[in-house]
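Just below sit the structures, each encoded as structure tokens.
First chain A sits with chain B, and in the next complex the same chain sits with chain C.
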Partner chain A sequence: MTIRVLYGTESGNSEMIAEDVAIVLEQHGTVAVADLQDTDPGSLSPADLYIIICSTYGEGELPASAQPFVDRLVELRPQLDGVHYAIFGLGDSGYADSYSKGSEYLAARLDSLGAVRVGEYGRHDAAGFDDASEIATEWVRGIITVRAAA
Partner chain B sequence: MSELVWGVKASLRSYVSDSEGRIETPLHRTGDGSFVFPAAGDGRFSGEVRFIAHGGMMDFRICDPALEEREGNTILTIDGDGGRIDLATARPTQREGRLELALTRAGAGHFGDFYPTGGALDDLTITMAAAVRRDTIAIVGSGPAGCYTAQALRRARPEAEVVIIERLPVPYGLVRYGIAADHQGTKNVTKQFDRLFERDGVQFVGNVEIGRDVTIERLRTLFDAVVIATGLPGDRPLGLPGESLPGVHGSGEFTRHVNGHPDDASARYELGSDVVVIGAGNVAIDIVRLLLQGVEERAGSDIHPHTEATTLSGTIDRITLVSRSPVSEARCDAAMVKELGRVPGVAFVVDGDAPEAGPPVAQAIRELTARPVDDARLTVSLRFGASPVAVLGEASVSGVEVSTPDGGYTVIPATAVITAIGFTPATPSDSVSADAEPDGGLFAAGWAHFGPRGALPDARNDGKRAAAAVDSYLASLFLAVQREGIAALRADLPSPAVDFSHWRRVDAEERAAASPGRVRRKFLTSEELLIAGGYALTASPVTERNSA
Partner chain C sequence: MTIETPVDLIPFDDPAFRADPYPFYAEARIQAPVYRSPLGVWVFTRYAEVSKLLYDRSLTVEQIEFGPASPLHDSALGADAPRHTALRRALNKWFTPKAVQVWREHAQRHLDDALTGIVERGGEFDAVMDIAYPVTFLTVCDLMGVPPLEAIGVRQATYDLGAGLGTNPSDDEVAGVADAMHWFSRHAEHLIDLNLAASRDGLLSSLLEMERLGDLTRDEVVGTLTLIFAVGHLDIGYLIVHGLHIFAEHPDVAAAYRDDAALRPAIVEEVLRVDTPEQFVTRMTTTPITIGEVEIPAGEILTILISAANKDPEVFPNPDLFDYRRDNSKAKHLAFGGGLHGCAGQVLARAEAEVVFRTITERFGGVRPAGPVVYGHTDFIRSITHLPLTLSSI
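Up next, the complex of A and B:
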């Protein structure tokens, strides 16, 4: 099993978080980090675990680097039964009507194709004072615990 | 150590031995007979070889070869009796570090015209221990473009010396001094940038202005590659009569002022009761929002209490936003417009070209005006399709004359005007503006490269592009010359630079000094920024204070 950390970003925060999360995960297995825009949705495999870090742009839209992945996903409609993923959304509750809607949309698409979300939906709100890196590494430790128990 | 390995010319070596001459040299020779000239720094190598034949009638000397770069060409020079001789031109081959040589006119003469001008010598090879030769890259400007360029460069070349030079004592350009004071979440990108300096070995060289403290030409001699990421701090002029009247301000200047930029923080603004904002991009909307906020909406921002008490003291009754384009072509984001609508106590009216159903931004504008407000403390009037034709006033601004979609003209009364129609270089003769085509190690990124458009993601993409260009340029260099980099730059500076730990101290002080409801209290002058970080200004009282 490879733990695949995939990120969707515009200004790079999700990429940074992906790298931080990968450092934690490296103590638990083989880890590969990739941009969603370089990831083929047809390659998602039940053998691996996916950790997705994704922000939100516009008004609840996907960040640019996640858009082509989701477009392909919708077009290909791959069978994702048995594919496990956990997701962490970066957003800003200052965008009151569309807080974290981009990553939620991505999660909903994966779910609709049969993928199974594991653990808590992780979140970072840029309007608050929390450090995204701290929250995300804490969150991913929780994901590992949930997976270990499963 | 690096060395130059060169056999000069195989046929010359055989000629000498065939004619029972001799090769005199103290240099070490490789198995194939090449000579090994040890490096003497700066592209120079030391040692002498003499090819002597016919009882001394023929005596060719190759002494202290050096590689020099001149106008994009590499020249192999040697010591001659009357000074340096340009012996041959050097061109890179497929193999890294291996150069092809062609004799110059003077070079042919040096060999007694035994060989023709343009004739080939043996290829020479520069070998370098990786630990010795280091790529050196200077990025000018620590805004997003500079930082994203450094980020991508660090990934491509982990060993390179990467320095970011900034004219201010503090980093991050428009993240600190442009992005609105109430959008602290957007400023979070600095956490990415912090790592460059704290973890990834990128050096921050603050308080150094290229063009003033060091010339760009000098910088280019010290570094393999120079990336200009100096932004576009000038306000694009309206080009209309009256625009230099007192009371007319550019959006760059005004947002710097509100954000506490040392260049503009202490300027005095008396906005009065009627402010006209010209333009309808995101910067114009930022300004309208900052102007219509009450004290409550400023919670969580870093607006300085002094700025609040003077410039933003609540004198405004009406803000008129004037835009030449129709509402359907407004350049601002719908989300920005919606945010305006969340400020309580503000009435919105749309004059002129009323919004129809259209793109999201037009919808958002219509929703603003649909909102019922009783007891508005302030009115925002949005005029689309209205072109300003003149700024009116005697001693100071009194109004803006606009042409209306129906072909008429009207005057909007104004006690202050803020133009938000884009940005330009600081001065037309700005020595570090980057409109010149990048060549020979000079690159540009961000607004200095592609103009005053777009947001952080665009700066990130452009930084990646610039870094890739620098990376392939460095790969194409077979570079004999180890550039001196930051150490030599520091020696050149009129006063010491500040480093990243200085910013860390300033940052901590600013956060600690925040008044209630604010996240920081910025220092408003360069002197204060320097002192707060523990920098010893030359004036003695400060030195005493710091050493105490």
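Up next, the complex of A and C:
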């Protein structure tokens, strides 16, 4: 199994978090980090675990680097039964109506194609002072624990 | 909630107000937190309303009459979604945390050069012209991928532009804005010609590539370049200068900065909160909105005082006190604005400040005052124009 950390970003925070999360994950197996825009939705495999870090942009939309992946996902509609993923959404709760809607849209698409969500939906809210990397690394430790118990 | 009062609670043009606006904000916050100024603009001083308005998508910047600064409508700062999304996208990748690691090294190099000169001259310097301006201007030129031409011209044009962006600019100030915009557009066109002749990696090349693909117009390239020239040194310069001023007056803060890396971010945030460089952001209503009990019609100008929100005692108890140990769990300061137009350069700004503050405290133990401070406050900007200092350990 490879743990694949995939990020969708607009202003680089998700990319930075993906790299920090990967450092934690390296203690638990082989890890590969990739931008969602360089990822083929047809290649998602039940043999791997996917850790998705994704922000929200525009008016509750996907960030630039996640958009092509989701477009292809919707177009190809690959069968994702048995594909396990965990998701961490970055957003800003100041946008009350569209808080974290981008990553939630991505998660909903994966779910509708049969993918299995692992653990809690992780979140970072840019309206506060919380350090995104700290929250995300703690969250991913939780994911590993849930996964180990499964 | 009173709306119209005989005394002007926020006298934007009054020299006493400009010297120290904070007591005026405090009074307005009590008497009329939603205040209709005699200038005809609505003024907000409480954190609750200010933070909410920053995220209100019904407000426009695009429809505000910018007068001679109208070319800025061709930059992210003056555009609404969806045009804003595209213009902002053109910038984002140059300011990511990863990209900033590179610009941080550039800032360090420019600072080291500046400090070498200062040490050779005996350790006395003007924080504005010898440190803040060269470090930030040279770094942002590197980022744009343009040669650092016309440094003094860029600085002057930015000031003239800033002076005219207040609530009630004089005829001279408006004329100054027109000249500054004209100057910037000529300068930008010149840099574009140079870039087309010998392409250099950087923001400008990427904007020109977007123009070639039809994703941006030439006016948008020029507007964006003008914006980045201005914001690349203005507020960040004030952050650096305000910080060094505090270090000079309170050597204990400089020592805390030097000795405890964990405190550094909080010290910088507190510098931004306690005297916020850009005092307000401006928006216009497109439909009637209700704030508290006050209904504001469509087409009204809102002066959203992020600086006053940063001094709201409901959120920041004892707000005028510089206290980097304060509990910020309730809310974060709004010096970078927020929402769609929230500062695109904040990662860079924090990195540049860190480079300067760390180097000066670690290498020289801080700074000492070396003469009278000269202020250039307007109603829009908290400005120090001259800050003479000496490196402590020289």
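By our rule, the second predicted complex is superposed on the first by the 150 of 150 C-alpha atoms of A that agree within 3 Å, B and C clash if a C-alpha of one lies under 4 Å from a C-alpha of the other, contacts with A are read in each partner's own complex, and residues count from 1 in each chain.
The definition used in the following text is that a residue touches a chain if its C-beta (ideal position, glycine included) is under 8 Å from a C-beta of that chain, and two chains touch if they have at least 3 such contacts.
No experiment lies behind these values; they were computed from the predicted model shown.
For the composite obtained by overlaying on chain A, chain B and chain C cannot both be accommodated without a clash. Using the contact criterion defined above for the overlaid structures, shared-chain residue A:105 touches neither chain B nor chain C, since it reaches no partner.
According to the touch criterion, the shared surface of chain A, contacted by chain B in one complex and chain C in the other, consists of residues 10-13, 16, 58-59, 64, 92, 94-96, 127. In the complex of the two chains, the chain C residues touching chain A come out as 51, 54-55, 57, 81-82, 85, 89, 92-93, 95-99, 269, 328-329, 332, 338-339, 344, 347. On the side of chain A, the complex with chain B involves touching residues 10-13, 16, 58-59, 63-64, 92, 94-98, 125-127, 131-133.
Against chain C, the residues of chain A that register as touching in their complex are 9-13, 15-16, 57-59, 64, 92, 94-96, 127-129. For chain B in complex with chain A, the residues that touch the partner chain are 148, 151, 183-186, 188-189, 191-192, 195, 300, 333-335, 338-339, 342, 360, 455-457, 460.
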